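As structure tokens, here come the structures.
In the two complexes that follow, subunit A is the common piece, with subunit B as its partner first and subunit C second.
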Partner chain A sequence: MKRAGVRLLQVALPPLAFFAAIVAIWQLATMLWDIPGYLVPSPGRVLGAAREHAADLRAAMRLTGSGALCGFGLGLLAGTAMGLLFSQSRVIQRSVYPYAIFLQTVPIVAIAPLLIMWFGNGFGGVVAVSFILSLFPIITNATAGLTLVDTNLLELFEINNASRAQTLFKLRLPNAVPHLVVGAKISCGLSVIGAIVGEISAGFGTESFGLGTLINMATSKLDTAYAFAAVICSTLLSIAIFAAVNSIGATIMARWHIAPARSSTTDMNA
Partner chain B sequence: MHAQSLDVTYEGAIRALSGIGFDIPSGQFVSIVGPSGCGKSTLLRLIAGLVAPTRGDLSVAGSGPAIARRTGVRLSFVFQDPTLLPWRNVRDNIGLPLELQRTSRHKRDPRVAAVLEMVGLTPFAGRFPNELSGGMRMRVSLARALVTEPELLLLDEPFGALDDMTRQMLNEELMNLWNRRRWTGIFVTHNISEAVFLSERILVMSPRPGRIVADLRVPFDAPRRHELRARAEFARLTGEVAECLRRTGP
Partner chain C sequence: MAPSLKQTMLLAGLLLGLLAAGCSRRPSGAPPGDDSAADAATRDGDEPQRADPTLTAVTLQLNWYPEAEHGGFYAALAHGYYREAGLDVKILAGGPETPVLQQVARRAATFGVVNADNILFGRAQQAPVVALMAPLQISPRCLIVHESSGIREFDDLKNMTIAMSNSNAFSQFLRHKLPLPGVKIVPYPGNVAQFLLNKDYAQQGYVFSEPFVARKEGGDPKVLMLSKLGYNPYTSLLFTHDDQVREHPRLVSKMVTASVRGWAQYMRSSDEANAWIHRVNPQMELDILQYGAETLKPLVLDEVAEQQGIGAMSRARWQTLADQLVESEQLKPDDVRVDQAFTTQFLHGEP
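This part shows the complex of A and B:
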């Protein structure tokens, strides 16, 4: 127990000390050089703004969070469904999959205004942007997991005269689970970005006051301290969702008894 | 089982097998030895109905292998690697073939328990493949092949990745199991002493494109025990197979 405590301290202390130093330098810099508050507010003023608008920020976090989770959930379902389709038909995979890859290179942020136009400048539009952004990592990872199955295992199923459905449910789907965990970790971070971008694109006419809306409003009024507070809340939201998905993923992986599928892009903002 | 002038040519014109012919009576344990890449595994996949011959005839119990397999000839295959599902424990991995045949749970359980006992894995039934040693994993793989009570057991260098002691022990276990069940066994290996120890007959193959260059009988009586390996007769036969292989060499 004591060992674990010491270790935790060793891990947690350096970044915490660094954080404290940065905040201190930031506070000192704003005081020493007299930087105007509308450019860079001091940490104290950011904290003040956060306290002042606490209720609004909380409500916005809830709203943006639910938008992101809806988009992420839909992305998980739709992406897995697409992967299933690709794994069952070579023709469909050959003809459609290249576009799924190609579409990933389209800066989705650029089409956010279009999505808002189509799905409305409220919650629906926000979910749509979040969904589109979280969809592709799920498609690619699900497809990989469902199709990249050990040849010997496929032969084992063939030798035992397994049906298509048996091969899908007893081999391909379980094989895809670790890949889906990797995809979900990438997607959940993207879904928060999608939700905030959606809210910013929705602009002032929105009926949905999420964190993106607050950032928009605060910057237009040069209330930079409030904007900072909203940005920090966005980060906290992102971290919370990632941590939740990560721990669910770890629980699943432990039951799967294999080393986690490696991906160079497991970072939340990849 | 009957095979006549089998040819397999892969796309890109790599000729894997050429003019292979043999008959294997039911209940015989045959080893196929040959240098790496001679097409031994291809031959086994042919018999399992996983690949089709480019030319020639192959019949298992009177019909083509893929058809035989679908019409009730009980066939099992043991791969080079244990080929287990990592997310299933030992018991559920062994039960998989029965599950795929839609055998009901209450019929499945006693049979799984029986093979677990047979290969000495009962205490490990709840373990997962990543918690087992290489030798134990191979035992699980063997148990999974035996759970369907196969009439034809195909083994593709199953013990190749194991250390020599584990390999010898698994050879002895396999021998005992065969003595009890007397399935038709086809065992592919490049380990000569393993082939001599296990089989009643050895087919020696040439380098690619693989042909059968010798068909040797192994006269030792059952039950074969580990002391057999120390007998002069055993060494003589091992030498003879090695000599055959050397002659075919490049």
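This part shows the complex of A and C:
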């Protein structure tokens, strides 16, 4: 127990010290050069704004978070399904995969208003944008995990007359798990970005505002401290979702994944 | 079939070449970011009247793409009023996210164009910005609804969708002022496509722009002016930095006088200014600009302007606006600084 405490300190102390140093330099710089708050607010002012608008920020984080999680969840399901499809048919993979790349390259800010036209304003539109951004890392990683299987193992399955389904569920799918976890880690952060971009175009309705809307409103009133506070909340939201995905991924890998990947599992936990 | 080393090198070389070409293309001195702004700036620079050492170079940062609501400033440029005043004015196009107040507050631009509520928000955050003249006495801000919807006034707005920008002060004012039962407010999409498709849909606009486009596309827009509801901030204000007023009052005076001349000319004849706007913002067709200039006339030349001249501002109007912003919880009472927000000292010729 004591060892764990020491270890936690070792892990947590350096980033905390770095954070404190940055905040101190930031505060000092704004005071020393007398930088006006509407250009760069001091950490003190940002904290003040965060306190003043705490209720709005909390509500916005809940709203943006639920939009992002829905987009991410749908992305995980649809991306894995497409990966499964690709792993079963070369023809489908060859003909559809190039269009999946489109998802990665499309300028989301430009097409967000179009998505809103199709999926409507409010929650649906926000989820749609978040989904589009989350999808691609899942598709590529799922496809890679399902297709890049050790040929020796494939031959072993063949020699033993394994059915297609058996090969898929007993060999390909377990092989894909670490890849899927990596994909999920990439796309959960993107889903938050997607939700915020979506909010700016789609909104959430009349009374409730997400983080994207708050950032927009604060900026237009030159309330840069409030905008900073909202941006920091977006980051905290991403970090929280990432941490959740990371620990779920680690649990799955530790409990369920087969022996050969154990070394990489411990790496991820370290 | 793995690409050979030679092929890879060739590809890398090609990419590097593209990069170099891309980097060298940006004209020096043009602001980074918005390409249309950069284009507009260079095109202005290509005019025959360039770099005269006897002229003082100043910049005017707009809050939107060049449109009719900036017409008078372009008229002053097109008819040479700025040059006659000894100024080499470069007008910088804006866009949806242009930080106009910040640019002027940190003196990256000499003058700027915003609306009165922006100035009050800026002063509330201690930004040293001061309004100099108000070309548009009456705000062109409106909602457009469908003629066929039967809606005749603001109180009729219910059970529908209204598209308007949350970040815009008038939108929050509207939400506080009206009950709006069953109304869903969605972000302003920047065009009239949704409006044309949906009968139970209203959206924000400028009276000389969105209604015109909607009608041209076969819609039946009915205009509700925000000014009728009492929300009427001075629009397309010319403003500058406090220090500019203190240190260079003559320069500021010249800029204000030439701009007032430009607006007077734009009211008489808008053709040359509109041609200029069309050149720097080809999206704006000449017919919509002409419609804009016509529609602007009653907004610029109201009774006050007839009596006191174009650009006039009154403390009472500024105070009303500040009260409205406080009432709709957008400004804290302690942050209201009406007297610092504007000055009329340059409106009547040389100081």
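Assume the second predicted complex is superposed on the first by the 234 of 270 C-alpha atoms of A that agree within 3 Å, B and C clash if a C-alpha of one lies under 4 Å from a C-alpha of the other, contacts with A are read in each partner's own complex, and residues count from 1 in each chain.
In this text, a contact is a pair of C-beta atoms (placed from the backbone, for glycine too) under 8 Å apart; a residue touches a chain by one contact, two chains touch by 3 or more.
Remember, it's a predicted structure, so these values are computed and weren't measured experimentally.
K.L.:
Consider subunit A as the common anchor and indicate whether subunit B and subunit C clash or fit when overlaid.
P.N.:
fit
K.L.:
Taking CA centres after the superposition, what's the angle at subunit A between the directions to subunit B and subunit C, given in steps of 10 degrees?
P.N.:
The angle comes out at 150 degrees.
K.L.:
Is A:174 in contact with subunit B, with subunit C, with both, or with neither (first, second, both, neither)?
P.N.:
Touch status of A:174: first partner only.
K.L.:
Does the superposition put A:116 against subunit B (first), subunit C (second), both, or neither?
P.N.:
It touches subunit C, and subunit B stays clear.
K.L.:
Tell me which partner A:55 touches in the superposition: subunit B (first), subunit C (second), both or neither.
P.N.:
In the superposed model, A:55 contacts neither subunit B nor subunit C.
K.L.:
For A:162, select first, second, both or neither according to whether it touches subunit B, subunit C, the two together, or no partner.
P.N.:
first
K.L.:
If you stack the two complexes on chain A, which partner ends up touching A:255: first (subunit B), second (subunit C), both, or neither?
P.N.:
So A:255 only meets subunit B here.
K.L.:
According to the stated criteria, A:152 is in contact with first (subunit B), second (subunit C), both, or neither; which is it?
P.N.:
After superposition on chain A, A:152 lies in contact with subunit B alone.
K.L.:
Decide which partner touches more residues of subunit A, taking subunit B and subunit C as the two options.
P.N.:
Greater contact footprint in residues on subunit A: C.
K.L.:
Shortest C-alpha to C-alpha distance from subunit B to subunit C once the two structures are superposed, in angstrom?
P.N.:
The answer for the closest subunit B-subunit C C-alpha pair is 14 Å.
K.L.:
So in the complex, the part of subunit A that touches subunit C is made up of which residues?
P.N.:
Contacts found on subunit A: 36-39, 113, 116-117, 121-122, 200-203, 205-206, 209, 213, 216-217, 219-224.
K.L.:
Of all residues in subunit B, which touch subunit A in the complex?
P.N.:
Residue positions touching the partner: 45, 48-50, 69-70, 75-77, 79-81, 83, 85-87, 96-97, 99-101, 128-131, 148.
K.L.:
Considering only the defined contacts, which subunit C positions touch subunit A in the complex?
P.N.:
101-102, 105-106, 118, 121-122, 124-127, 161, 166-169, 175, 180, 183-187, 189-190, 193-194, 330
K.L.:
What residues on subunit A touch subunit B, complex-wise?
P.N.:
For this pair, the touching residues of subunit A are 150, 152-153, 155-162, 166, 170-171, 174, 177, 255-258.
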